[in-house]
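By written order: A, B and C. Residues from 1 in each chain.
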Amino acid sequence: MNSTADGLMVDKVHVWRGDRHVLQGVSTQVRPGELLHVSGPNGTGKTTLLRVVSGLLRPEQGSVSWRGQSIVSGRTEYQAALAYAAHEPALKGDLTALENLRFSVGLKRRSSAVELRGALERTGVSACADLPARVLSAGQRRRVSLARVVAMQAPVWLLDEPYANLDSAGSELVSGLLQAHVAAGGLALVVAHRELTLACRVRRLELNS
Amino acid sequence: MWTWFYKLASPPYVYGVAAASMPWFLGLAILTIGYGLIGGLVFAPPDYQQGDAFRIIYVHVPSAWMSEFVYTTMAVAGAIALIWRIKVGHAVAAASAPIGASFTLAALVTGSMWGKPMWGTYWAWDPRLTSELILLFLYVGVMSLRSAFEDPARGDRAAALLAIVGAVNVPIIHYSVVWWNSLHQAATVAKLGKPSIAGSMLWPLLSMFVGFMLFYGAVLCLRLQGEVLNRERQSAWVREAIKS
Amino acid sequence: MTVGAWEAFWLIVHREMRLSFRRPEQLLQPLVFFLIVTTLFPLGLSLQLSLLRDISPGVLWVAALLSSLLSLDSLFKSDADDGTLEQLALSGHGLTVIVVAKTVAHWLVTGLALVLVSPIVGTALGIPTDAFATMLLSLALGTLTLSWLGAIGAGLTIGLRRGNVLLSLIVLPLAMPLLIFGAGATDRAISGTSAMGALYLLAALCVFTCTLAPFAAAAALRITLE
């Protein structure tokens, strides 16, 4: 019985950046209802691993599969099931928070303005909905990018430093969102420097050089 | 048969083949070019129309042919590397680019030298020369792109894609330049036409073609060794090869 | 409920348009550059319209090429800088649809704008008005083709040092055929002979490029995103 057929599987991934062997045969798996906390010192390839899992970066060797299917051949299904938040909040400065959500979530699923405003409210930035993203603070932008993740309603969350630029209230918000997501059967891969104290199943992958 | 192909994808194997073949290529190249030059420059009779000036074709025409052949090789090697992820292809493409650019430059210079007795000027916008010039720009573009990337692997892939795009465009560029030239053909501008070939002229010319090919092979083997070593410098076989 | 390719295409075009019109000054820059470059020629050569007319197709086209190139640098740059390009790449629609949408939107606000401004430039260079139809058509086809060549170049040079110089270095040799056909068409229209041959060749080049370039540009983006 192949229990890993449901979930993400990373199999012996190798990545070189120039001369550096950044990822040396990394293998792991994340099942639905689980959260994988990727930690390690700077420069050990945490973000690189996240980008490999997202499909943005093709590893020299090794593979990633989702629900038993390679993320390369099953790219469309995988991306539809994926919400990725990079370290940069990835917002267009000239668009409002709501417009940013509309144009990015809108590519994944049809959603109404009401739903998107609801997502912004859930992350505490409903007041920023009609402000251009360039006037928002770093913390507010982080919350808008989290709202985007929430609004995509995707089973797989790949988050790079979601706690960055957030105060303690914001950190509690992120933890709450992660817990709710995992409890509802989603899975998450979170790159974070800090320790995570979450009321859900957390596995740890420590990368070192 | 396919094992030979798979072996070609292995850097140490290619390194070994290049090192072993280089002297053969060079030796044969010297022989054929030597025959071609002596036959063409000394023994072939002067052309009744162009006099001794036509002798430049012994260098100009093979150079021009090689400039295009090497570009195609570079594009194909890059395509193989991109599609099947065979990294040796990138090494071949990177090694070939400066060789091809040099051939292009040689074709332009010898074309210009041919132009002086033919048209009285060192440059005229002849379709052949103009195409060679644009080809030179394409080479420079590929080489500049490769070197502009900090990550050499990405630079290789970007240069390979550009070489493929360029290769697709080369026939289009040729045709458009010929069309343009026919539009604006002034009566005084003559094309760099080859004189009618007699046998004693033909064999040295063919020998030059073969010789230039072999020369490319020799220089490619030489440069390829360097490229492969550079790209594989982290791997164990290179450390072994350096020690020995 | 998943989003289809057409819907994604229109959404991205909508996004690009909204972003372009939020900064209208940026839209004017290539047009002003077009006018400036055109002005350089009479200043440098001659103010006699009859003399200018002889070289006008070439001047017009070179100016249009250079102005288009200026704006092509920004095709992917802004999205690459703020991280939204990655979000687009992971949207589930494949880079090809994204590239088509962005390039078409870019052409609508730059290339098409150049075409609409060209009668002014044409008059300044002494191009007779009965050659305008050919001039406009050839510029429309030419700028569209150039947008596609530029998309490939822009995709390859995102984030490189002096990327815009490299972009021009890469794109201009590839653009020489369309310069030849486009200027050739306009030239024949001015001299009164039929420009249809040149226009057909230009159209063929445009169709060829529009068909193949999206895949090349998507491949370029994939290489850059890694």
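What we mean here is this: contacts are C-beta pairs under 8 Å (C-beta built on N, C-alpha and C of every residue); 3 or more make two chains touch, one makes a residue touch a chain.
Source: prediction; values computed, not measured.
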When you average C-alpha coordinates per chain, which one falls nearest the overall C-alpha average? Tell me, please. C
Outermost chain relative to chain C, judged by CA means, is A
Whole-angstrom distance, CA centroid of chain A to CA centroid of chain B, is 48
Taking each chain's centre as the mean of its CA atoms, how far is chain A from chain C in angstrom? 37
Distance between chain B and chain C based on Cα centroids, please, to the nearest Å. 32
Mark out which residues of chain B touch at least two other chains, giving numbers and ranges. none
Among the residues of chain A, which are close enough to touch at least two other chains? none
Please list all residues of chain C that touch 2 or more other chains. 226
Chain C residues within the chain B interface of the complex: 152, 156-157, 160-163, 166, 169-170, 172-174, 176-177, 180-181, 184, 187, 201, 205, 208, 212, 216, 219-220, 223-224, 226
Sites on chain B touched by chain C in the complex: 82, 134, 137-138, 140-141, 144-145, 148-149, 154, 157-158, 161-162, 164-166, 168-169, 172-173, 175-177, 179-180, 183
Quick one: in the complex, what on chain A touches chain B? 16-19, 21
Please output the residues of chain C touching chain A within their complex, sorted ascending. 1-3, 8, 11-12, 14-15, 18-19, 22-23, 78, 82-84, 86-94, 225-226
In the complex, chain B residues that touch chain A: 150-153, 233-234
